[in-house]
Each structure stands twice: as C-alpha cells, then as structure tokens.
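A quick write-up on the structure given underneath.
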Amino acid sequence: MAYALVALGFVLALNAASAVNFAHGDLVVLGGAVASFVGLSIGLPAMLLLPMVAIAIGVVGIVAARIAILPLASRPPEATFVATIALAAIIEQSLTIAMAGAPRTAPALLGGGSIYIAGFVLGRQPLAIVVLGAVLVAAVWFLLERTQTGRRMRAVAADRYMARAVGIPVGRYVMLSLALSGALAGVAGFLLGHQFLVAPTQGAGHMLKAYIAVALGGWGSVPGALLGALGIGLFETFVAAGFGDVWASAALYICVLAVLALRPQGLFGEPVGRRA
Amino acid sequence: MRLSPFWLVLLVLPPLVALATLPPFGQRMVILAGIYGLMGLGYQLVFGQLGALNLAQGALFGLGAYAAALAAPILGPFALPAAILAAAIPAALVAAPLLRLQSHYFALATLALASLVNLVAVHAEGLTGGANGLAGFATSLPRGPVLLVTVWVCLIAGVLLYAWLFAGTTGKKAHLLREAPLLAAALGIDGAAWRFVAFVVGGALAGLAGACSAALSGVVSPEATGLSIMVLCLTLVVLGGSRHPLGAVVGAALAVGLPELLRDLQGAWLLAYAVATLAVVLWAPEGLAGLIDRLRGARRSPLILPTLPTSVPPVPGAQRLTIDGVSKSFGGVQALDDVSLLVDRGEVVGLIGPNGSGKTTLLNVINGFEHVDEGTVALDDRRIERLPAHTVARLGIGRSFQALALAGDTKAADLARAVATGAAFLLLDEPAAGVGDHERRALPAFLANLRDAGRGVLIVDHDIELLSRACDRLVCLDRGRVIASGSPAEVRADPRVRASFLGLDGIAA
Amino acid sequence: MSAVLEIGDVSVAAGEIVALLGGNGAGKTTLLETVLGFSSGRVTLFGRDVSTLAVERRIALGVGYVPEGRRVFAGLTVRENLEAASSLPAGQRRQRVEEMLALFPMLGERPEARAWLLSGGQQQMLALARALMDRPRLLLLDEPTLGLAPVVVADLLRRLSAMTADGTAILLAEQRAALALGVARRGVVLSRGQVVRRGSAAELAADPMLADLMAGA
C-alpha cells in the first residue's frame, strides 16, 4: 500500500513535469529520515508529525523540480535523466552524512500504532499503513476526479498547450502536482520507515518499483500506476511466499524485461512517437 | 574533433609520470583512473554519441570483473579477453529487443537488467561467493607496471580511435541519429544497427574495465554490479564531457583524485561530486573537457551548411517509381484513398491539394516512414512498401522535409543533402515554404538541373505559380483522392481543382 | 465601431465575423497564435496593448480559442472538458455547463463520455462549447470545418452567425474560402505571412483570382 503512494506520487510528477524523476525514491527515504529525526528528538505524536513530513517533502519536491527538471524542459531527455540521477545521489549522500552521526538506521517512530485498536493479531503498523494509504489514495482520487483543481491538473497533463489556451495558469498547477507528489513520497517514507529501517540507499529500490508500476500500468495513467503498484505488491507476496524474497525480486525483473521485450510500446500500447 | 597536442599530452602524461615517478600507491590510483576511463569511454558510445539512456553499463563492468576473477586461475592473462566476451555476449543478446524501446522504457529495461545481475551476484553463492564476493584469486595480470601499461595502452588507443572516428562522417551521422532520427533514416542510416554496435562495443569496454579492476584489487564483490558503479560511470562521463574524446579520462581523473583531495571531508567528496555533476548539466553541458576547450579558445570547426548544388551528377538506379492503389487511414480518418501515380526519371511531378488532402502522408508512405494499408509502391519491379525507411533510402529514394528536423538547418542544406545521397528519385516536401524570395527564385533552375541530370522528382508545395513553371505534370489530391492529373495548365483550369481550393464542395449538402 | 482585436493589418470589431483566408503555410495559425500570446508580436485586445501579457491572462480578458484539430482534453469527459476550461465560481460554472449541454444537443446526449470517444463532429462542437464557457467577447477559430460532414459544417456556421447578434467578435481562419465568406462580413487573404487582399465578403467571393490566391500563387 505504501508502494501505491510512491507510485502515485511518481506518476503525478511524471505528468506534471513530463519527465521521469529519478530522485523520487530518495524523497521517500527523506520522508522516513525526517520522520525519524524529528520524531526522536521532539516526541511529537504521529498525527501531527505526518502532515509536517508531508509538507516538508512537498516543498523539497518543488525545489528539486525547479532545480533539476523544469529548467531543462527544452533540452533533450538525457539532461533531465542525468540531473535527476545527480539529485538522487545528492540526497542520498546528504542523508548518509547526516545519519552517520545520529543512530544510523533509526527506525521511524511508533507510526500509527498508538491510534488504532488492534482487535486481532494484526500488526498495528501494517494495518495503519493500509488504512492510511487507502484514505490518501481515496483523497487524491477525490481531488483529481471531483474537484475543479484536479480537473485542471488532468487537463494540464493531457495537453499543456491547450490548457493555457483555455486560461488555465499552467505553472501554478504544475507546482501543485509536484507538491502533492512530494507530499505523497514523504508520507510513504514515514509509513515505510517504521517497518523497514531507514537507510539512504533504499531510494533506488523505491524508484524502480514505482517506475515499473507506471510502465506496466500505462505510462502517465494514474489508475494504471495504482494498479501496477498493487499488482507488484501482490506478485511479490505470492512469489515470496513460495520461493522467498530474492526470487520475488528476480521474478519481477524478469517479467518486466519480458514484457518490454515482447511489447515495446508498453502494455497498453500508447501512441508514443516512433523509435527510428 | 581531431585531438590537439594539448589533449594528446594530457592523455599520455598520467601513465608516463606514474611509471617514472609515483610510488605503488600512486600507480594504483592511475590504474584505477584508467579503468574508469575505459568504462566511461564505452559509455560515451551509447550515451554520449547516440543519446540512449543506458543504465546497464555498471552491470557489464561487474560481469567482466567476475568473469576475470573466475577465469584468471585457469586462463591467466587470457582471462581479459574472456572477460570482454563475458560482457559483450550478454550485451549482444539483450541489445536487439532492448534497443527498440522508447527512451523511458529503455532506461527501465536496462535498470531492471542491472538489478537482476546485481541480485544474482549477491545471492548465487556458489558461483559468485555471494555478498562477500571472491577474493584471493590469482590475478590475470600482476598488479603494478604491467597492469598500468595494459590499461593505459588500451585506453589511449581507444581514445585516439574514438577521436578519429567521430571527427569525421561517423560523428556527423551519430549527431543526426541523436538529434533527428527520421532525417537519419531518410539518408540511409540504419539506426538499429548503429545502436547495436555501440551497445556491444561499449559493453565490451566495460567488461575489460571490470576485468582490470579485478586484477587491481584482487577482490570482486557485488558492489561491482551495483547501482553505485553505474552512477559513477554516468557522472564521470557527464562531468568530463559526454562527447569529448577525453571526457571519460577527465571525469575518471576527477573521480579518483577528488577523494584524495577531499580526504578530510570523508564522505563529503561524493556529495561534492554529485553537486558538480548537477552544476555541469545545468550550466556547462559540454562537460569540463568541453569547457576547457572553450576557455582555450579552441574553435569548433564552423558548421558549413551546403547550399543548393549548381551541378547535379547523374546516378544509376531504378527508372520508374510506381504508386499503385495506395490507401492509408489513421484512426478512422482516410488519409489516402486508392492513390495511383507514376514518376519517371527525368521528370518533375508536382503534388498539390488543400490542407489535409494527404500530400505529406503520401510522401511518408513512399519513403517508408508509414506503411500502406493497401496498395503497392515499387521501384521498377521491386516492391518497397514494406521496407524500413533506411533501406528505401539506400535503394534510391531521397527526401527533403517540410519542417526542418535539425536545429540551425536551412532548407537549402536539407535539399542539398537529399540530392547528395545520389538517390534516383527525390521527394521534396514544400521546399519553397518559409524561404526568402531569392531562394524561391532559384528553385525552378534547381529543379531543371535535377531533371536534366536524369533524377525523378515528386514535389509537394503550395506555390502553384512555382509548380506550374517547374513541373512537367501536376497531380491534385483532395481528401486523400487523386482528383486531377495532367499538364499544369490543364490541372489549374480544372473546375474540380478550383472548387477544392475554395471549399465549394463543402456546402453542396 | 471600436476594434476588439487589432494585429498588424488585421482588425475585428464587435459583432462581426472576419474571414482569415489563405492556403496552408500562409500564416493563419501563426497569426492566431500571436494573438493568443504563443508567439510574440504586437497585439491590441479590447483597446489595450497586450503584447507582453501571458496567454492565460489574455484568455481571461475574454478570448475563446478553437484550435486546428480541436484538441479536446482526451481523458476528460465532455462535462469535465467544459468545467476545466472555465474560471467562473463553482455555482455559476455548473450552471453554465448545463446551458452549454442544452445548447449543443449532441453533447447533452452524452455528457459523461470520455472526449476521445467522440466523433470528429462531436469533438468540434465540444471544442467550440469549451471556448464559449466564460462568454468570450472574441472568438478565434482555426480551420474548424476540416474533416467535418457537410451537415455539421452547416450547423457550425449557423451558430457562429448567431453569436454575432450579442456582439461577439469572431476571427475565422479557413482554407475553404467559400464557406468562410458565406458567413463573414469581411475577409483578409494571407500569403506567406502577409496580407495580400482585403475586402468585403462579397467582393472577395466574386474575385476570379481567389482560387489562385488560396492555392498560394
């Protein structure tokens, strides 16, 4: 479920900036790190910490885009490719340095544990992740489908030129999408940071999963990204149950390669420009 | 660019200085720089020259390292060629399906591949020693001067070859492939073949680098296949200059030298390095080597754009271009409907018609950018409608474009290029659009030259005056159908043609 | 009559339709894009110099645009296309959507359909309705009749004529001169970005050289 949030953030940024943000995974890790630092030093209850982290990483997301993605919009794709990878490395290294002093793999705090009443032998945190994740996904869905803001965000993603030509202030909506993307990444990092320790090198793994989800679910499609993330989650759980975690990852990679080899236009055959 | 003495000296200096004056520790650093340089050079082929977002170079480096470690006890120095093959062969196997992919899918595929290789390296304990890797194996080459010389001889040879190769037409073709793939195909450049070769050779160099790295450290761990080595490769190439012959070397020198210089700042050197990379992307995209060249005042050879040729050589080839019964629709819109026409050598045929009548689609279908739904296109007896664009180009069909694909290009250069391919038949798409009066007046003479030289020309344009004077025949399309064909005077006077240009038939209902 | 739009030699007054004619590549789209602000150039809208104003701000002054190829927001429904294009407050906006759906029956029939499913004619109507949402005083259309069935074309032209009654100024760019001149009061012919002929619709329609001009001679 947390991966659904990551994928959702990833696809929103993709649609807003028309570029893959390789640093997205590191925004997730940053969320976990901020949560653990702030949570350990000031004992804030999770409910207050969560929006703080969301806002913080939302801001970071915007700043990152303004530095490494938007200025390069008119350059060939290699430029944003390298810039976002460099950005990812910057965040990862900064975290490594920052965390070397403090207790390194600081687990994120109690998370939602203190809020929910666990009736069964259900882990509180996993339950909290599922519920919170579902609430967030529903909220984003509501935003996109039922509000004027969301409608305009989708119009901008569909046809930026025409969006301007109907009077939509495109720049503002791009920022909004990027802020939301960052916020989702931060929350995901917070949620993941409790169950899995926060380590700076995790960024790449998160990003890869989101990337796969978006590629398999239909490039740029929000429901597709969510389905892709859920699909990956289910797939990995099943394979892991039978053969272990390692095979789960390996199987995933092999499947991705097979799909891309057999259907170079993606699972849903989007009408992208030709490869000469 | 031809390598100037400045760079030649810089290239040869490190190994010489290292051999002559440096202690073993210093020599090891120079060897490491050479190793990174080799990997980077290979990466420059795929990423720098062809612009492909490749994330598998690190994995290929690791494959080379592991292969060398495993083979060294048995093969000794021959472990090096073995390692090269161990990287090049998998690269060749995955290249064909992978290189067809769009850039963002290609990046994902290479990333997935690299992750898979890393996974195997970490978990296939029996083969790779698992997370601890392999150690203490007899290295293929003794560490020290022998290894240094081997690495640097290969690197220097590679850089010289690269510089020589990409200074000439190869460089221009790579530039075209990167910036304007359709134009490249229309000039007969087989993009798929190029990408394949670049990927495999690049991979081979990575494998070699990996093997030398194994020899240098005597240890191979899954780190060698991990993301960090890939990011290092990418960043050093970008920092140094992704297309500059010494880009990889400069980047590698930084990658090895910086940790030493910033030793007090411990982990911070990587951060500084990443920030430097971002800065370079934003403000000095040609890289540090390119920046140094700029500061040195080294002049880039000015881009000389050809002008309209005054004399056109005759060429061999097919005698007749036949379009028969061609139909093509796009998502429910019938762009071409049972279109037939002929072009012979030594004649200039003009294609006219209002917007949306299918003129450009027809040209695209003839030269292979689009496939017909029905009908045939043939050069003499040879059917060409299913062939890829670069093959059609080589069979003798040249093309100029309505919208110039290259930055800084001119219509005249575009035309000259098409003529220079020596194609028997030329498809010219709106050569008069957007050009000044002077150039427009030169066009009829140019077309007459083409005719006299025996080329066959099919020209699309909106300037009826021009086409009436320059063409032997006119064909008029309207909504995908041929509605008139004949001499310019006949077609212009044809009431159906006049009606189509005024849109009169639209209000018949 | 004060001009609603002035750009170079071209002007449009309130309540009139001006036909912008010319073959492909004559510069019609470029001119429209300059009016909107996608290309730079001196433009006067509603009596003020908007040359440095951003696209979105010009639209907000009261401009509606129906581009070549319609460009409806493919993944959004008919209703969402209309809503997204409006900057009115929510209540008024929803009201206006209902008005549009009533005014354009072929849209009113399937307001929840995704725009990419609509036929060419339906998309054209959607593009027009979308441009009309905030009651623009100036309407720009780029080759709206391209690829449409004659019945739909006639309907479209009728609607445009009707709009002039409440003072809307319309600049209609068309290759199919006869169609545009049938509803316009005046016309301007472009060739290679320059105005080469000007006159009342009647004058231009009767001009025997018009076909040649349109063909780019």
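We call the chains A, B and C, going by the order they appear; numbering starts again at 1 in every chain.
Everything that follows uses one rule, which is that contacts are C-beta pairs under 8 Å (C-beta built on N, C-alpha and C of every residue); 3 or more make two chains touch, one makes a residue touch a chain.
Treat the numbers as computed from the prediction; the structure is a model and nothing was measured.
Q: Hey, how would you classify the chain contact layout here, line, ring, star, complete or other?
A: Per interface graph, the chains form a complete graph.
Q: So using the touch definition from the top, which pair is joined by more C-beta contacts, B-C or A-B?
A: By the number of C-beta pairs in contact, the winner is A-B.
Q: Suppose each chain is reduced to the average of its Cα coordinates; what separation in Å results between subunit B and subunit C?
A: Subunit B and subunit C have C-alpha centres separated by 42 Å.
Q: From the C-alpha centre of subunit A to that of subunit B, how far is it in Å?
A: Here subunit A and subunit B have centroids separated by 32 Å.
Q: Send over the residues of subunit B in touch with two or more other chains.
A: Expected reply: no residues.
Q: In the complex of these two chains, what residues of subunit C are touching subunit B?
A: Checking each residue of subunit C against subunit B gives 23-26, 120, 143, 145-147, 149-151, 153-154, 174-180, 182, 210-212, 214-217.
Q: Give every residue of subunit B touching subunit C within the complex, in rising order.
A: Per the touch definition, subunit B meets subunit C at residues 333, 352, 354-356, 430, 433-434, 461-465, 492, 498, 501-504, 506-509.
Q: Using the touch definition from the top, list the residues of subunit A that touch subunit C in their complex.
A: 148, 151-152, 154-155, 158-159, 161-170
Q: Can you name the residues of subunit B that touch subunit A in the complex?
A: 47, 51, 53, 94, 97-98, 100-105, 107-109, 111-113, 115-116, 119-120, 123, 177-179, 181-182, 184-185, 191, 227, 231, 234-235, 238, 242, 267-268, 270-271, 273-275, 277-278, 281-282, 285, 389
Q: Give every residue of subunit A touching subunit B within the complex, in rising order.
A: Going by the criterion above, the answer is residues 20, 67-68, 71-72, 75-79, 81-83, 85-87, 89-90, 93-94, 96-97, 100, 204, 208, 211-212, 215, 219, 246, 249-250, 253-254, 256-257, 260-261, 264-266, 272-273, 275-276.
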